[in-house]
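Several structures are given next for inspection.
Both of the next two complexes hold chain A, though its partner changes from chain B to chain C.
This part shows the complex of A and B:
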């Protein structure tokens, strides 16, 4: 899916269609109708599935968010906006929002620059480049659940690999309670997230870097540009479309983070690593307060929707325009 | 895209659908089988994922199939928490497995109120009367029986005799102050006094519930549930006492992140001799030996100590049992299986092989383990009974109890705030 956003200079927007011959207007209309019917025919199954499995649940969640509803039968106890006012009074949910913001900021400030640095490094000619690329990408292939179990063991206080290794090199002081310490749990979680996801972003950047024509860098070199100048003025601007999409994926990922947290801490200790999705799960599937849980999901939906639309409108516009015009060109 | 609520929902819907699909498919299988050869497939959902129980149960199912050639038992085993989540999805779908694990109480009541559970009062009358009354208690709702126990039990302290001895504690404490002294004595010898699974929250609730029972008596706890008011002095005092205990830092390193049955969890800490005791139900020895090495003869049991000046007595027990319920309109084969499972022969086998407590009086002689015998004696002499709070109450209230007591132990809620937030949730749930 992401690859469609990536600028691919080799294929480009395709060759322009030949000018239509005069007097073929009627044939063209008929062809257009046939085209349209074919398109509808092909899309109908997907559309029905999309309506039933995606659109309807969204609308239903929106509806249920205005009820006190335990999940049995149909919602009947209408409470107006009470679920939403309760939500924004709940310190846990407000904490979720704060932690979400924290993860977004940390991802953008640390994880993505790190991924970029690794990508630039592994874009150089060097021995064993493919091996490194594969190694760094490998964590992304692992499922979130396995990652969670794995790091739960690594960071087990006292007995875990992390503490043992630190103890072994005489740094016992650095060891700690990791996921069990309310003040350290987010940092530990972010560490695991970075381990898991930087390889993915690195791969995106590598793909972007490979599509930058070498002539440009060479030209800059001939003009006397140093390594930093070449990176700053040639590589970075040409990598911008990739960076934009990577930021987008990273933010959306932070908003909907669930599996990793659920497996490692279940949101604990004492809600210090809880995310919106975890809170929603707690209320919907443990407390059976499905109306309230729907309100949480509606807010999550709203946040992602606003972010996604704003980001596409203001940041991704340039990148997407190419894509849409290309498609329209093909449709003629 | 860009819709996490949706993808999550989609995922859950998909997994629920997958579960349903499986049920539907197996249902089809059963139906078609019935058409050709008259075989009924009974689906049996349980949480016995640990050994030796897992194998013993599978063998029992085979035995039942041998005795009833026209019945096939299909076992679906899920880990405790996964089971609860999965049941939620199934309940929303309106169809439960033929036989499913239950703890009785508020969760069962909710399922009963939704019309999903079979009333067993009449269908099991001729044999269920012979079961131990205290074991049946959790499944009796308004005088009707909705579940059959295969286990009975209570919560108490399981301790390491060797570690207690090393700390100079020769007899287990019977009073709360004596208990605190024991904790101090263990700490003085650099022994972790108590293992607690802070990540899972329910083990912490046991302390608060027992303390409330010891301070106010079992009746006060029952009454609070009826009045939906947990702000009484018994609960606030319970919170204060628990806070005092937590202040001594008696728990293992990193207990806030510890699970119960993990290799690094609460049971393993006691089973491997790294912590001196845990407050846990009758299944504790089995899990200690499964997740850790197990303590063998070093393992001892003592009831939750009495609180000085409290109204509750040592003979009031907190706990509950495990049982099975049937979905509404379950086939007769499922009832037959429950009868088979609660028969004297099966019960004796369960008692000797899987470490549960007998539910049939005749099977009591099979109990040889001194600790479990002590538990059984306590249970039979019980003058009051309180089911686990997170099972006795409606799910939202039960979870709020677990959650706010966990916050109390972690130091972010005061005893008063705990009592208030539980009361608030209880009142909202009407």
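This part shows the complex of A and C:
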């Protein structure tokens, strides 16, 4: 029995040819491997680009953060966690964290509710709706650099538009040094950010509002719910997934804020508008303390990671079970 | 149910609110346009009113200089190259994510989606070092390649969602007609996905056009400066000539706003789709 297969086995190309059922399995395996290679082959260009230019730099920052390094040659002066301990003793960096938190709180308390109110207003059928929508969103498509220069001039102390208008209507007291005043600079910055970004959040909310079936609010109306009750008990819960995404984007935006600040104040006056990214830029590109600047990158990375994971775990997860949105697909 | 006139009365306060907000939104832009038509002396005497006389020399002077057009050309070239690259590469990857079941797919997809969570600023410094060691500083590729790389997550997510909705029967039919995977992708999927490709392209163009951080790092001399860098430099150079800076700002805004007015639907659709599918 076995002998009849022996010659066959020996003459088989390369390794021994298997008996028929095994041959089918091998063909299947080969087909599966080809399939896998094809699938991954399509991924390859994107994967290479992403690994080299996104993942590798982030990993390298993680490494360089443990060295005292001027940015030339390879880092060699290992200092352990010194950069990090120095970072958390640095009043400027602690201030960055505080200002980041401040912007997040202001955005959640003022900017996003304002965007929501505007979205609810513009979700109604009314004259000029398209024009308002377009106007409110327009600043979002402008470069931060252009926005920054524009508002730097509008809030120029004394002869900028803001002070002139306030002076003209007898409200001189409200005017001031704006970006040049340590106690006003963050408020002014937040004002500009609201001008630039609220339209984006409004558009998100509008898209969310339009996906809410009209029957639901009508049913509530028939049940005798007033406008506020309809909003509070029907619209708002159904809009929750959109709100959560908008909050997420707002926080990530606050963590990485750079362009606007750099163009207008470069973090001044006296660090009062500095952000983490600005501090990182100052140390990395102006003072050549690349190891220390890398530590700032790592902390930003850590904050984003912890926030994103926690948010995904505790806040966004509910959306995957919800019926009103199609979040990240069906996974598997 | 209720009289039409009552409905109209009720909306009156809403209109007032919208008009006020609209005025605040439009005022900075209008102010910049009008200021550009003044001389700087006129601007300091009459900051708010209409120009008298209307000076066009600020605008014509900038439009007549080659340096402004050079910025426009650079920004255009970089935006187009970035868009072509990121859309092409993402379409291939999204096709694989949407139409293949293969080992490691979900892990790979998670890797790309993680990219959405991380601000560019995190990678800026090491990226700069990498580009320097690759000799890509002061080279448009030094901006194009990283922009494309950072655009991948959003583009892949949007395209994958779209590719998934194309019915499987089409793929079977194409296979029966002798199409390989690439043939199906090229001849069936891409033509059908034109609206989605339009959306992600518009997103990529706008993102590249407005990018400031990366060109700031990569372009040390003015050869390849893009518009955002040019604006900042111009303001530094002519800070005393306020009216001229305003004119410059307005001209720098025009391409983005014009593009927005043409591609509003794709832009808003892309941003909302990207946000809700991410």
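In this section, the second predicted complex is superposed on the first by the 283 of 332 C-alpha atoms of A that agree within 3 Å, B and C clash if a C-alpha of one lies under 4 Å from a C-alpha of the other, contacts with A are read in each partner's own complex, and residues count from 1 in each chain.
In the analysis below, a contact is a pair of C-beta atoms (placed from the backbone, for glycine too) under 8 Å apart; a residue touches a chain by one contact, two chains touch by 3 or more.
As the structure is a prediction and not an experimental result, all values here were calculated from the model.
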First, second, both or neither for A:182, with chain B first and chain C second: first
Partner chain(s) touched by A:308 [first = chain B, second = chain C, both, neither]: both
First (chain B), second (chain C), both or neither touched by A:270: first
Partner chain(s) touched by A:286 [first = chain B, second = chain C, both, neither]: first
Touching partner for A:132 - first (chain B), second (chain C), both, neither: second
First (chain B), second (chain C), both or neither touched by A:226: neither
Contacts of A:113 with chain B and chain C, given as first, second, both or neither: neither
First, second, both or neither for A:157, with chain B first and chain C second: first
Which of chain B and chain C A:213 touches, first, second, both or neither: neither
Chain C versus chain B, contacts on chain A by residue: C
Shared chain A surface residues [contacts with chain B and with chain C]: 53-54, 57-58, 61, 71, 152-153, 159, 252, 255-256, 258, 276-277, 280-281, 284-285, 290, 297, 300-301, 304-305, 308
Residue ranges of chain A in contact with chain C within the complex: 35-36, 38-43, 45-47, 49-50, 52-58, 60-61, 64, 71, 118, 121-122, 124, 126, 128, 132, 134-139, 141-146, 148-154, 159, 161, 164-165, 168, 195, 199-200, 203-204, 207-208, 241-242, 245-246, 249, 252, 255-256, 258-259, 262-263, 276-277, 280-281, 284-285, 290, 293-294, 297, 300-301, 304-305, 308, 325-329, 331-332
Contact footprint of chain A on chain C as seen in their complex: 11, 14-15, 17-18, 21-22, 24-29, 31-32, 44, 47-48, 88-90, 92-93, 95-97, 100, 102-106, 108, 111-113, 115, 117-130, 145-146, 148-150, 152, 156, 160-161, 164, 181, 185, 206, 209-213, 216-217, 227-229, 231-232, 235, 242, 245-246, 249, 252-253, 256-257, 259-261, 264, 267-268, 271-272, 275-278
Residue ranges of chain A touching chain B (in the complex, touch as defined): 1, 53-54, 57-58, 61, 68, 70-73, 152-153, 156-160, 177-182, 185, 252, 255-256, 258, 265-266, 268-271, 276-277, 280-282, 284-290, 297-298, 300-301, 304-305, 307-308
Of all residues in chain B, those that touch chain A in their complex: 1-10, 12-13, 84-85, 88-89, 91-92, 110, 113-114, 198-201, 253-258, 262-264, 394-396, 399-400, 406-407, 410, 412, 428
